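Two complexes are shown next, each including chain A; its partner changes from chain B in the first to chain C in the second.
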Partner chain A sequence: MNYMPGTASLIEDIDKKHLVLLRDGRTLIGFLRSIDQFANLVLHQTVERIHVGKKYGDIPRGIFVVRGENVVLLGEIDLEKESDTPLQQVSIEEILEEQRVEQQTKLEAEDRKRYIHYSRDGCRGSRKPGGAP
Partner chain B sequence: MKCLEGPGKTCGPLAPEEELVSACHLEKEEENEGEEEEEEEEEDLDPDLEEEEEEENDLGDPTVLGAVHNTQRALLSSPGVKAPGVLGMSLASLHFLWQTLDYLSPIPFWPTFPSTSSPARHFGPRLPSPDPTLFCSLLTSWPPRFSHLTQLHPQHQRILQQQQQHSQTPSPPAKKPWSQQPDPYANLMTRKEKDWVIKVQMVQLQSINPRLDDYYYQEYYQKLEKKQVDEELLGRRNQVESLKLVTPYIQKAEAYESVVRIEGSLGQVAVSTCFSPRRAIDAVPHGTQEQDIEAASSQRLRVLYRIEKMFLQLLEIEEGWKYRPPQPCFSEQQSNQIEKLFQTLKTQEQNNLEEAADGFLQVLSVRKGKALVARLLPFLAQDQAITILLAITHHLPLLVRRDVADQALQMLFKPLGKCISHLTLHELLQGLQGLMLLPPGSSERPVTVVLQNQFGISLLYALLSHGEQLVSLDSSLEEPNSDHTAWTDMVVLIAWEIAQMPTASLAEPLAFPSNLLPLFCHHVDKQLVQQLEARMEFAWIY
Partner chain C sequence: ITTLFYSFFKSVVELKNDLSICGMLHSVDQYLNIKLTNISVTDPEKYPHMLSVKNCLIQGSVVPYMQLPADEIHKQLLQDVARKEPLPQKQ
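This part shows the complex of A and B:
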């Protein structure tokens, strides 16, 4: 029942399984147990899902209390369709390894770009954090 | 202990009964416990339970009922235990608490327990202490009646009520395929807590002027309402309710001055509280600033400030007009507002006429000022509008020169065009004569500047066209009127000026009236007409 039609309210989402994307890039999946007026969330039986390419791995995390301002978006997971995914689940160790490899390749690519950029003639500028060219 | 008070003390009429029923059951159980066997108890209570269940389904709070139900089950299925671990309290003390609650509040309320089927229950971590406040809550009827605090659009309120009705109709709870096992952790967030969150969200909806604060919501529901009304008229003649949501407006807390000005202090002494942090700068000019030098910047700021003030007044007038009751004319209040705004615009308080005109022109030199005048013109009375039109026409060269950067005079064309049609010939001549006068020390008439500007030339053409209309209507008069001669002279002069201008510098008018060329034909010789035609050719094509 929508208590406030025409508005967005999390009340109807309580006790349902949700996927929450955080500002730091983490993806959490859990049952939304409680909210408050700032949209702080309490997630139950939470699992942090790491995606690398076509693979993903779940790390069980337990109970999460998420401060509302850190949520980018969240959406309900249809439990019927949950298993209907083209992605392949792998073990935690494997996905962490995959993630590490991905991070490494990304850093290497950035370093290479930066090197090319700075090695150009007449190019000045200090090295900025975050690898911005 | 204080119960959650809410305006909605209207709880379901069955609710107290339901609670009493369960209370009775527990009492009975208490008495029976040591005496009878479990099976008998179960038998006794089960049919009652079943009955209860059906009753309870009519009420709107399945979670509560479920909890009550399960509590009873819990008590039943712990055989031989005199004091089942309900909250770690004995049944006797529970009963006592209950009675106290009964005394304190009209509606005792069981806390919602997680429903499990396993006999081993640990309530420990979840319910730390038998806090009486846990038991105390409102069985509010939905939607929560925050009516004296919140204002919902009547359509919104209606939708909520309809939904409430739908939810209350006895229907078996929709069995979602994934909920085959009852979620043991469901309803950790109690109804009370949900209500509270909703209440906080609703509090944000409070406003004195919902039209202003919550424009899009109001519009949306208005449209929805209109659509529904249309639907009802066309289709099924359903409920034609016209609920009037009468919600008293709350007096907004007085906006306190966060900037304190102390005599003799240099600047502002800022005071801040948790509700209103310190105001960083005082952007509004105060009386003390008149001591400043009459710098051009401060002058401009003053003009801008005036425009802002007038704009607010204009917005009020427009709002009042848009949402007026079904009468086509202005209410007295609206007329007053319009008059007030007009006086402000005309800077009537200036004794010097020149200064007054100057003020008006300064407003018109700003883009927003032009927008203001353009939007105000439809509201003005005829004579007021004509005053403005004549003022603009008189100072047209100046305005045109100042508008080079903005090119915003165009927005004035349409509203001015409408009031041109109310001009008399005499007024028209007055306006145009100013353009024709040779200023001292210059061989150029002001009209040349006008002709080079799009707005200027459009306005000029519109005026000429109207003049021609007036004259042709008036042509029944035999004797040459002084006005007529003046008019003829005017036309000839303008025609000459247009002919003098190189074609490239002639601006393209926004609208080319059809009676212009014939007008020129009447008054001007053929050669000139040819020249004019050549110049106005491209416009003539339209």
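This part shows the complex of A and C:
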């Protein structure tokens, strides 16, 4: 019996470990305890997992109530496959440092690109679309 | 029409954040939320966190499109049913 007709049912997924991808790019892992028709979720023993390259770090977050509109993807974690992962777990400080370095290199690359565009096109390159000529 | 797509295709779902997931279409709801089973990430796995996930639910609002295998779709059947379904509602 489908309790919420018209929705992809998450009822069978309750109390199982899930991975939630959020729109802002964050990854949460926790036990799914509660759902509703908007795919709002309650996650228990949640951990925020940060991935940089082949390393990852987990930050314990406790109980999360996630608003459904921010959810990109909800995946059931296969506990056997979880122990199989080629990724290396590191401490929280280390992964946060790696993440900071990654953001830094991304920003620098974007700055460099912007500089090249500007120096190539002159003022035209930096004009906003739809603005006055 | 929703019952039509329950022929289980292996389809590729591309998300707005550039993630592409391949899997068997399990179910779809009125919001076009998609449930896939036996998933694998199609592009080089720049998204390693998906390695331990076999089944997933994808929010309808983040899917710009889905690729279905062209050879597996019975085009004639699809066209016929799509044409017939709205008729009873008109009367």
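By definition in this document, the second predicted complex is superposed on the first by the 114 of 133 C-alpha atoms of A that agree within 3 Å, B and C clash if a C-alpha of one lies under 4 Å from a C-alpha of the other, contacts with A are read in each partner's own complex, and residues count from 1 in each chain.
Just so it is clear, a contact is a pair of C-beta atoms (placed from the backbone, for glycine too) under 8 Å apart; a residue touches a chain by one contact, two chains touch by 3 or more.
Worth saying up front: this structure is predicted, and the values here are computed from it rather than measured.
Applying the stated contact rule after C-alpha superposition, one finds that A:V72 touches chain C and leaves chain B untouched. By the touch criterion stated above, A:H44 is placed in contact with chain B alone, chain C being left untouched.
More residues of chain A lie in touch with C than with the remaining chain of the pair chain B and chain C. Looking at the shared chain after the overlay, A:I11 reaches chain B, while chain C stays out of its contact range. Common to the chain B-facing and chain C-facing surfaces of chain A are residues 6-7, 9, 79. Residue ranges on chain A touching chain B, taken from their complex, read 1-7, 9, 11, 14-15, 31, 33-37, 42, 44, 79-80. Residues of chain B touching chain A in their complex: 142-143, 156, 159-160, 163-164, 167, 177-178, 183, 185-189, 193-194, 197-198, 200-202, 217, 220-221.
Touching chain C in their complex are the following residues of chain A: 6-10, 13, 19, 21, 23, 25, 27, 39, 49, 51, 54, 56, 68-69, 71-79, 81-82, 84-87. Against chain A, the residues of chain C that register as touching in their complex are 15-17, 19, 21, 27-31, 33-35, 39, 48-59, 61-62.
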